[in-house]
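Next, two complexes with subunit A in common: one pairs it with subunit B, the other with subunit C.
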Partner chain A sequence: MLTHWRQYLAISPFFVIFGVFSFFPVFYSLYLAFQRWDGMGTMQFVGLDQFRFLWSDPVFWMSIRNTLVIWVLSTVPTLFGALVLATLLHSVRRFKSFYRIALYIPNVTSIVAVSIFFGAVFSNNFGLVNAILGMVGISPVPWLSNPWLIKLVIALLMTWMWTGYNMIIYLAGLQAIPTQIYEAAKLDGAGPVRTFFQITMPIMRPIILFTVIISTINGLQSFSEPQVLFGSNAANPNLGGPGQAGLTTLLYFYQSAFVNNDYGYGAAIVWAFFVLIMVLVVVNWRLVQRGRKS
Partner chain B sequence: MTAAVTRRSRRPKGLTAHIVLVLAVLISVFPFLWTIVMATNTTQDIYKSPPKLTFGSQLLENIRHVLDTIDFFGSMLNTLVVATVTTVLVLFVDSLAAFAFAKFDFPGRKVLFAMLVGFMMLPLQLAVLPQFILMSDIGWVGTLKALVLPALANAFGIFWLRQYIQNGVPDELLDAARIDGAGFFRQYWNIVLPMIKPALSFLAIYAFVGAWNDYIWPLVVLTDPGHLTLQVALAQLHVGHTTDYSMVMAGVLMAAIPLVVVFTIFARGFIAGATEGAVQGS
Partner chain C sequence: MDLSRRGFLQAAALTAAASGLTVACGNGSGSAGSKNGKNLTLWYWGGALSDKVVAEAKTHFSGQVKLTAASIGGDFKQKLTTTLAAGSSVPDITGIKGEDMASFLPNAGRFLDLNDLGFKEISSKYLDWKTKLAQTEDGKQIGFPIDIGPTALFYRADLFDKAGLPTDPDKVAAQAGTWEEYFALGTELRKKLPGTYLVNNISSVFTIAVGQGTERFIDKNNRFIGDQDHIRTAWNTAIRPYTLGIDAKINDNTWNAAIGKSLTTELGAAWHALDIEQAAPGTKGKWRVCATPGGPANQGGSYLALPKQCRNPEEAFKIISWILSPENDARGFADAAIFPAAPAAYTMPAMTGGDPFFGGQKVIEVFGPAAKAIPASYEAPADAAVMAPYFTELTSVEAKGKKPEDAWKDAVSQAKQIARRQGVK
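Our next item is the complex of A and B:
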């Protein structure tokens, strides 16, 4: 032990900081979920009360529904688009790095800036999208007040931000496939579509699985998009937009914990949500794995 | 003959690919162009029907408006300080730990590294509320320290640098240094650090962009409206003046410039690094 003190010293800053600022807080929030506390007075142990209330809280379930709908609406086109773009990019020779950089740029822009931008462009009365629709004779679409369109706009925003990121990952996977396999397939007379589904897809399966898991974890955590799009002042009863159609679970957590100062309930929301994410990750994992066997 | 066939079938396919890719590029850069259009016109011009689609001359006016509404340079300075300090410290903490994990066998190494990989899966939203309580207990709420410290525990960075050191730094070189009497920290400083520069520059951009764009944690912990980071200040601009989009867009534009400059300079290395990390991470 003592002969290795330098190595332990080298790794200790990470473990100390992680322990204090991440690991301990994660479990402390589990403890909080069993208390009633406004952050000022004394804590009161209430057992499973918070979770019981959660179970019968229509706003919580609505926020879960909103999150899931937004997640599906964004993940499916993101991953599909990323795979198509990666395949195309893999097939071209020129301007490769230009395309990679230009398509990756959305992912390094700030969510706040992008959300403000989408708010302006999809604005109900004056936005660019409605102005263009107006020019071809279509009456304005209430993008930011219809419950479904609100979710669609948030999903579009996330698709715009994450397609390039996933494309880069797929491209790396495609480049790792030896070209001999494709030459052999060509000799056997396989066309591009057949090659794609019988060679590319099976080899790419682990990478696709990776992106599905990452997208599940990231996509379910949408918070900033609706928070910025629909304003965030404490007196706002419509947090998450008209009809709260853009109230995601993390936004509801934020409201409960930091706007209403209901710490115990906030902790219960975020832990219940974590369990949901884990369930969905496992389900996704199983689905992609089962696809392999059939 | 085979060559002729492949060529004939390849050329149109290549062209279609380029057309689709160019369209995708247009979609991904369009928001930047349109932000400039909005920022250089008046709000009335953009909201006219049909809207004004060309650059205007109102940029300076809009910028002045931004500077009157929020403490733009103050929050930019805050963001710059937080992002720079975070980046430098993350590089140091992560590379040191990564070197120990990559090249030394010490009791508990495997368990500790497995824990670290497990930590990457922990959803940090679970920690936000207790982190806030912790920060208010030690009196750091509203300070920039509260932004830097939690960001230092970057498990991904260690994981990623360890791979790089394992493959990129030959054992023979370290053995030679050891024979010459170099200890752990000398090997780290004089051999490992210079050899992992590409990996460090990727991690630097990754950490800097992450800190620059972070929103939820600064929103929670920076309570003083006169003392914000850029992202939170921008969001406030939006809430306070929902109708004056030209002004808000001028702010968005100004806030994006430093990041766009940093990203364009390092883009190639950054994307190559992101690619490596993605494939190894899978």
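Our next item is the complex of A and C:
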């Protein structure tokens, strides 16, 4: 150990930063989950009270439901769209890098800017989408007040952000498939659709499952989208849009801890949510293992 | 296993935010020690103070101290809370928003008692109810009032005229003296001018109706009273425009677009005038202001406070009492629509002039009397959190057509739960 001190020193920055900013806060927040604390005053030990509140808090369960619905609504089109785009891009011959950059750009644009833009486009009364619908004689759709449409708009926003990101991963996977396999399939008389489903898809399976897990983690953490779409202020504190239909778990955590100054309860929310993410990740991991065996 | 570690790391980063510790790292410029420091920092947010007055304060006090003013963006309360909790880099003078004051009062020990520094002698210059809201039970004064937000009814005189209604502020105020009369006026307006609405949403009615009372959601004995008659009445008042069909139901960010078009009236505090002016510059001269139906309420309005770590309390107090003197307060109104908490300012020329946006109306004649008549009410630290479910349910009524009675029951049960969580009996 001591003979390698230089090496350990060299890799220490990560561990020091991780320890201070991630490892310690994780356990500190676990400690907080058993306290009542307004962020400044003295902490008060309340035992399992916060978790008991959590268990009987309908808003918490609704936020979990909202998060899962938004996650499914965004992950499915994101991954499907990414795969289709990657396949198309894989066969394109000219302007390859242009398409790659163009499709990846949504992922690097500021999520806040995108949310503001979506808010304007889908606005109930004065939005672009409703204006266009109005032109063809369709009455305005309440995008930002109907409980389902709110989720749809948030999911659409996330799809727009993450399709390009997943596409790049798929494209890398596609390029790793030897061209001989495709040539052999062509010789055997397989058309493009059959090639896609019987050659591309099976070979890509581990990569697809990888993106599913990444999307699980990203999708469950949706926060900025509803936060910006339904920006709150003192006069009109909309917590996740009309009827809280866009209240995701992380937004609820944020509101509890930082808006209501209820840090203990906030910590309890994220810890409960952490357990949920772990469960979903384990399920996905199992799927990956099974995919490898077959 | 790689992947679950990733999940672990991401959750770790999240919870890091939960503890609020990551934000609180900075260099320790606010460490205690000598109490006659030469460098003072002032934290405020854009629009909290007149930038011109702050700039002048810097030169005015340059002989004694160097004042550095920082306009802090983002969530001001959260930044101040974490800084105070960490105890370093604490500003010497800080703004506190009116709605956050209640949540800072239980931690009054983190601030200096302004009465010790001489606020007692000048406190009569400021509105009593406003000063009291920044006072602890045992009389410690932690906030120096900057401004207040007396409410009024803004209305489109041109549309009133079109509908054959009176346009003169006094006459409108007389005709819309109570909430019921006001809603009747709205119904008439809608009949004459189809497609127009009286209020932007019912949450704004609820906010003001609650503010018109002397009690809120939690009483002085830390008991939940959000299910009692005074709140129920405010709730019923808020539901009325919805049932009458004069509610525009604007709960998204489109208020800006609606204000110049389909809204005939708008309820709000004095500072709201600037919002209307910025959102609908084309309606300049068409608006007027009159008294709020059912009496005035307060919305917003902030304080300046001196954290315990203040490096030069005497000078800092001199600075804030200079910045917030009635003369400079009056200028704040002219510069940034900050409505003074010092009544003496209301008669100063900076405030008594006509406002061109309101067709030359002397708006102080409406806001001035309103400011003095605002009822004092006790605001508990958990008040804002407990109030939130009522808003949520009101938006549910508007967006989903939820039955008002069900919405009321859900709001109360949700509010009770939040109250219990925050230690209210």
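What we mean here is this: the second predicted complex is superposed on the first by the 279 of 294 C-alpha atoms of A that agree within 3 Å, B and C clash if a C-alpha of one lies under 4 Å from a C-alpha of the other, contacts with A are read in each partner's own complex, and residues count from 1 in each chain.
Everything that follows uses one rule, which is that contacts are C-beta pairs under 8 Å (C-beta built on N, C-alpha and C of every residue); 3 or more make two chains touch, one makes a residue touch a chain.
Nothing here was measured: the structure is a model prediction, and the numbers come from that model.
*Asks:* Clash or fit: how do subunit B and subunit C relate after the overlay on subunit A?
*Replies:* On the superposed model, which is not a single observed complex, subunit B and subunit C clash.
*Asks:* Any idea whether subunit B or subunit C touches more of subunit A?
*Replies:* Touching more residues of subunit A than the other partner does is B.
*Asks:* Could you tell me if A:Asn261 is touching subunit B, subunit C, both of them or neither one (first, second, both, neither)?
*Replies:* The answer is second: A:Asn261 touches subunit C but not subunit B.
*Asks:* On the A-aligned overlay, A:Pro58 touches which partner chain: subunit B = first, subunit C = second, or both, or neither?
*Replies:* Second partner only, subunit C.
*Asks:* Could you say whether A:Val26 touches subunit B, subunit C, both of them, or neither, answering first, second, both or neither?
*Replies:* Both partners.
*Asks:* If we overlay the two complexes on their shared chain A, which of subunit B and subunit C does A:Thr248 touch? Say first, second, both or neither.
*Replies:* So A:Thr248 meets neither subunit B nor subunit C here.
*Asks:* Go through the superposed model and pick first if A:Thr78 touches only subunit B, second if only subunit C, both, or neither.
*Replies:* neither
*Asks:* Give one of first, second, both or neither to describe whether A:Asn146 is in contact with subunit B, with subunit C, with both, or with none.
*Replies:* Once the two structures are laid over each other on A, A:Asn146 reaches subunit C alone.
*Asks:* Output check: A:Gly41 vs subunit B and subunit C. Expected answer is one of first, second, both, neither. What do you get?
*Replies:* second
*Asks:* Can A:Thr159 be said to touch subunit B (first), subunit C (second), both, or neither?
*Replies:* neither
*Asks:* In the overlay, answer first, second, both or neither for which of subunit B and subunit C A:Thr67 touches.
*Replies:* neither
*Asks:* Kindly list the residues of subunit A that each of subunit B and subunit C touches, one partner per complex.
*Replies:* In subunit A, residues 21-26, 28-30, 32, 39, 119-120, 123, 125-126, 210, 217, 221, 231, 250, 253, 257-258, 263, 266-267, 270-271, 274, 277 are touched by subunit B and also by subunit C.
*Asks:* Of all residues in subunit A, which touch subunit C in the complex?
*Replies:* 21-26, 28-30, 32, 36, 38-41, 44, 50, 53, 56-59, 119-120, 123-127, 142, 144-147, 210, 213, 217, 221, 229-231, 234-239, 241-245, 250, 253, 255, 257-263, 265-267, 270-271, 274, 277-278, 281-282, 284-285, 288
*Asks:* Help me check something: in the complex, which residues belonging to subunit A touch subunit B?
*Replies:* Per the stated touch rule, the residues are 1, 4, 6-8, 10-11, 13-15, 17-18, 20-26, 28-30, 32, 39, 81, 84-85, 88-89, 91-93, 95, 97, 99-106, 108-114, 116-117, 119-121, 123, 125-126, 128, 131, 134-135, 160, 163-164, 168-169, 171-173, 176, 192, 206-207, 209-210, 217, 221, 223-224, 227-228, 231-233, 250, 253-254, 257-258, 263, 266-267, 270-271, 273-274, 277.
*Asks:* What does subunit C use to touch subunit A in their complex?
*Replies:* 3-4, 6-7, 9-22, 75, 78, 81-82, 84-85, 97, 99, 103-104, 106-107, 110, 201, 203-204, 207, 249-254, 257-258, 268, 299-300, 381-382, 384-385, 388, 391-392, 395-396, 398-400, 402, 414, 417-418, 420-423
*Asks:* Which positions of subunit B touch subunit A when the two form their complex?
*Replies:* Residues 13-14, 17-18, 20-21, 24-25, 27-29, 31-32, 34-35, 38, 46-47, 49-51, 93-94, 96-97, 99-101, 104, 106-107, 109, 112, 116, 119, 122-134, 136, 149-150, 152-155, 158, 183-185, 188, 209, 212-213, 215-216, 219-220, 231-232, 234-235, 238-239, 242, 245, 248-249, 252, 255-256, 259, 263, 267-268, 271, 274-276, 278-279, 281-282.
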